[in-house]
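One structure, as structure tokens, below. Some questions next.
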Amino acid sequence: MALPAHISPMGRLAHYGYLIFCGSVLLFLIAPILVIVPLSFNAAPYFTFSREMLQLDPSAFSLRWYRDIVQNGMQNPNAAFGWAYLVDSWNNAQWIHSLKNSFVIAIATTILSMLLGTLAALGLTSPGMPARGLVTSLLISPMIVPIIITSAGMYFAFSTMGLTGTFTGLIIAHTVLGTPFVVITVTATLEGFDRNLIRAGLSLGASPVRVFRSVIMPLILPGVASGGIFAFATSFDEVVAVIFLADYDQRTVPRQMWAGIREQISPTILAMATILVLLSIGLLTIVELLRRRTERMRGTTL
Amino acid sequence: MMSGTIANVRPPAAQLDGAKRRQVLRQYRRSQRRDSLRALALVAPLCVFLAVMFGWPLATMLTRAVSNDDFGAVLHRTSASLAEWDGTGTPSERVYADFAADLRQARDEQTMGQVTSALNFEWTGARSLLMRTVRQLSSEPENGWKEKLIETAPDWGNPDLWILIKRLAQPYTSRHFLAALDLEQAADGSIQGVGPEKAIYVTLFWRTLWVSAAVAGLCLVLGYPLATLLARLPLKTSNLLMMLVLLPFWTSLLVRTTSWMVLLQDNGVINSMLVWLGLVSDGNRLSLIFNVTGTLIAMTHVLLPFMILPLYSVMKSIPPSYVRAALSLGASPVTAFWQVYLPQTIPGVLAGTLMVFVLAVGYYITPALVGGQSGQLISNIIAYHMQQSLNWGLAGALGSLLLVGVLLVYWLFNRLTGGQGLRMG
Amino acid sequence: MAAVTFENVSKTYDGKVSVVDNLNLRVKEGEFLSMLGPSGSGKTTCLMMLAGFETATSGEIYLGERPISRVAPQRRNIGMVFQNYALFPHMTVAENLAFPLRVRNISKADIAPKVKRALEMVELAHLGDRLPAQLSGGQQQRVAVARALVFDPNLVLMDEPLGALDKQLREQMQYEIKRIHDRLGLTVVYVTHDQSEALTMSDTVAIFNFGKIQQLATPDEIYETPCNSFVAQFIGENNMFSGTICERGDGVCKVRLANGDQVHALTVTDAPVGATTLLSLRPERIRIDPPAADGWTITTGEVIEQIYVGDHLRVLVRVFGGHEFVVKVQNRSAGNGLTPGQKIRLGWRASDCRALDAAAGQAGAA
């Protein structure tokens, strides 16, 4: 930003100091995430940049840690690449196993959360809702209650219901943690929803079902989708409930990383972390696009 | 001349006659009730789901903290007959006989552990005492159990031990809560502090508090200037920079914690860089991790977006004309900031600070991985009691205290932000 | 034949206050009827009952001969322009216009030309592909009008459709709506709180206050012969002053003012001798230095102030020992030589001074 001429030298100094400070904070936010990307290609099992890496020597980089993700746990990791290799990896590799579990649990969680959360948001924003503030606070309290308490409580309660060590139990636990996000995003969308649009639809001759399908749904869908993505990310990232409730069979990616970090942190974890960063960039992009679409319709970006 | 006083007063009420009016009132109430029921029906599935899958687990946790089930259940005969004992002298032969029967059953069903651990917590040597006693249970005594047990171990003739057993056999107990506050109940029933070598929980609570407050403070100091910049920049630029804030927000917590481990290790990126720059010598690498410093750095990073987002959304809604007005009225930029801009951002500051604080208080993963011994917080000790010491009552008590604290801050948060504080993305 | 009939319609939301109170109204085929009244007087509620989004507490509304309380909103075939337009933000302009046709299962081939014609009618043919958020307020408003007309409804309702526009645009749109009304021969029920809008556009104006129609008449009747003190005060500018009726004659009466002066007035109220009355007198009907003629009321006053408005001058005069009258004087030549403090003669035709009910702003006065 160019400074006007009347700013004093001290003022200039302060201004540039301010910009540098803000730049440093942004760096603090983003650098730790970016730094693991090159390190995951380290040919040596170290967590710092070797001289060769800094000199961009190709031999200092390798895909061995990514190969490890695919191979670790395979019955025959040295087999030639082919159909049998893929099947072996799909069935036996530890990380692939965790990835499959993570996706299954996260997708089921997303669907359940979207369903429960959207219904609740519709109720919370409808005119007759009694004690709206209190109910909202209660419904989003799973976000606030420390995860260790929730998980410990679920450990006790779920074991009496036979839900520990099952996928059902984990999906339920993650739905509890993920639904508040859907409630928040959909409520925000619905609060911005102009009820006259429903009346307009009816007055133009559309049946209530038609109005729901072609007016209400398209307008609240971005909010529902954003909430769903939040729920997905919450589930995909969650580890404490998994520690308390899951057996080996339900081991998820974060659980596997947790175990790996606690025992012996290996660069394979960095490779997996890089993959997760890519995933979060994908999710973030979708949410941003949805948000911009909504803003374009509201006309705020014009 | 009369001037615009029209339409300020509405006539008292409709000229509806009584019956009609009652009917309309009834219809009105009915339609209101229908609206409410419809809204409640929509909210109900989630409410029920959360009540069963969230509320009930929390309640289980709370009851764990006060319940004495195990001890009383294993020694159910003893506790029944002890109920009639007045606490003076030694109990009757009947109590000793029941006690022996209970212990024998416990030995056969392998539930001795629950008796031992509870008793051992408050009676020194209880473990060996019980082991010795259990060995004597096989044969029936000649002169009754009372004599035989006191013969085996003189402790069984001590009324204090029986008072303790009677107390432990109650269905509810305060001992877990006392222990969570570094207190215990002496044999005479009075409450006293535990010895300094056992007093760890209060210290941990305090550490959790100050670490959370420090993290919230750091987030505010780092986040506030950046949020002002983001709010002032043209939308295109700020959207781009916002992605840099949002990416960490969306990145897995474990990934971010891993990154900090990689960065902060003794031979990690930061130390290597400092050595390479010659700022520290190779032998004196900074210990940035596995202590409270690591916890502070990593948690600040993880929670910073939760500070920036509410600040940004509040600042975005403040029109620049206020500061311009202040400047045009002769205020210096610093005065304009302190007296005009800052007060308007207070809602964002409160929302962000309380949010970060409340999330930090319950943090588990990050301190567990980068905190070492001195960077552990209350959640970590709860996990320890849940998984390793298996002292679930104590875990429940610690958890309940933490929960009450968190809910208090959450309540405050809702009061101060009018329930509008929680906004995502 | 009446297009719309309100028959003893009352509406209360909470059982306490009648938002619409025993309303009777007939709207003729092809008529442009405005509902004009202060905010909160029940206009929107009337429209919502007509469109089917509220139900009347008692009474019935007829569309033609048909009672409509049992017809669902989407079957009433009534075009409606909402106060904030309610354009669907996720559909383009053309899609918005096609919506009512699509839900009527009209074939794609027939929809396109109809949409095109509707867009041409409001001169937006080139903007069919835009989203509503990409249009200016005036353009959005025209889309809303086009959408309400595209499916050929026989009745169109408009709820303060121009409320959000600036003055110039508003005047232009008034003209265009009026033009469309004339060309298509529509029946229009138009809600506004802007009196000049109501007076310039309508065939008939219904003045609302507290859920009651205070007066239902043509614009000129409303202006010239307000039937009660609320209408007199609400429409245009009036000098209002109160007095006691001391004599009632054939259509005229004699009223004694607070300072003892007596004036003649046209009797509109049916209050008896001895009752209080509010007199109303339009500023432009007062003449300075009037001719001495029969049927004129002449008095003297003191000039307080003179305000230059452009085409006319507003002179503030103290009369009858304290009342301040506004007098409008045509600006015929620069300066008319009046100065503050000056004593002047002024007068008006007795028939221009109307004796109305006593309490302005009270319902049940009609």
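For this structure, a couple of remarks:
Letters are used for the chains, namely A, B and C, taken in the order the chains are written, and counting of residues starts over at 1 for each.
Methods note: a residue touches a chain if its C-beta (ideal position, glycine included) is under 8 Å from a C-beta of that chain, and two chains touch if they have at least 3 such contacts.
A quick map from chain label to UniProt name: A = ABC transporter permease.
Just so it is clear, the model here is predicted, and its values are computed rather than measured.
The most central chain, judged by C-alpha centres against the centre of all protein C-alpha atoms, is A. Across the two candidate interfaces, A-B and A-C, the one carrying more C-beta contacts is A-B.
The most distant chain from chain A, with centres taken as the mean of CA atoms, is C. Each chain gets one centre point, the mean of its Cα atoms, and the points for chain B and chain C are 63 Å apart. Here the spacing of chain A and chain B, counted between their Cα centres, is 24 Å. Separating the centre of chain A from that of chain C, both taken as means of CA atoms, is a distance of 57 Å.
Among the residues of chain A, none is found touching two or more other chains.
Looking at the complex, you find that chain B touches chain A at residues 32, 34-47, 49-50, 53-54, 56-61, 64, 222-223, 225-226, 229, 235, 241, 243-248, 250-263, 265, 267-269, 272, 301, 304-305, 333, 358, 361-365, 369, 379, 382-383, 386, 392, 395-396, 399, 402-403, 406-407, 410, 414, 419, 422-425. Of all the residues in chain B, the ones that touch chain C in their complex are 1-2, 5-11, 13-16, 20-21, 24-29.
If you check the complex, the residues on chain A that touch chain B are 11, 18-19, 21-22, 25-26, 28-30, 32-33, 35-36, 39, 46-49, 116-117, 119-120, 122-124, 126-130, 133, 135-150, 152-158, 172-173, 175-176, 179, 181, 183-185, 188, 226, 230, 233, 236-237, 239-240, 244, 254, 257-258, 261-262, 265, 269-270, 273, 276-277, 280-281, 283-284, 287-288, 291, 301. Only residues 10, 12-18, 21, 38, 40-41, 57-58, 209-210, 230, 233-234, 239-241, 278, 323-326, 360-364 of chain C touch chain B when the two sit together in their complex.
Interface residues of chain A, counted against chain C in their complex, comprise 194, 196-197, 199-208, 210, 214-215, 218-219, 296-299, 302.
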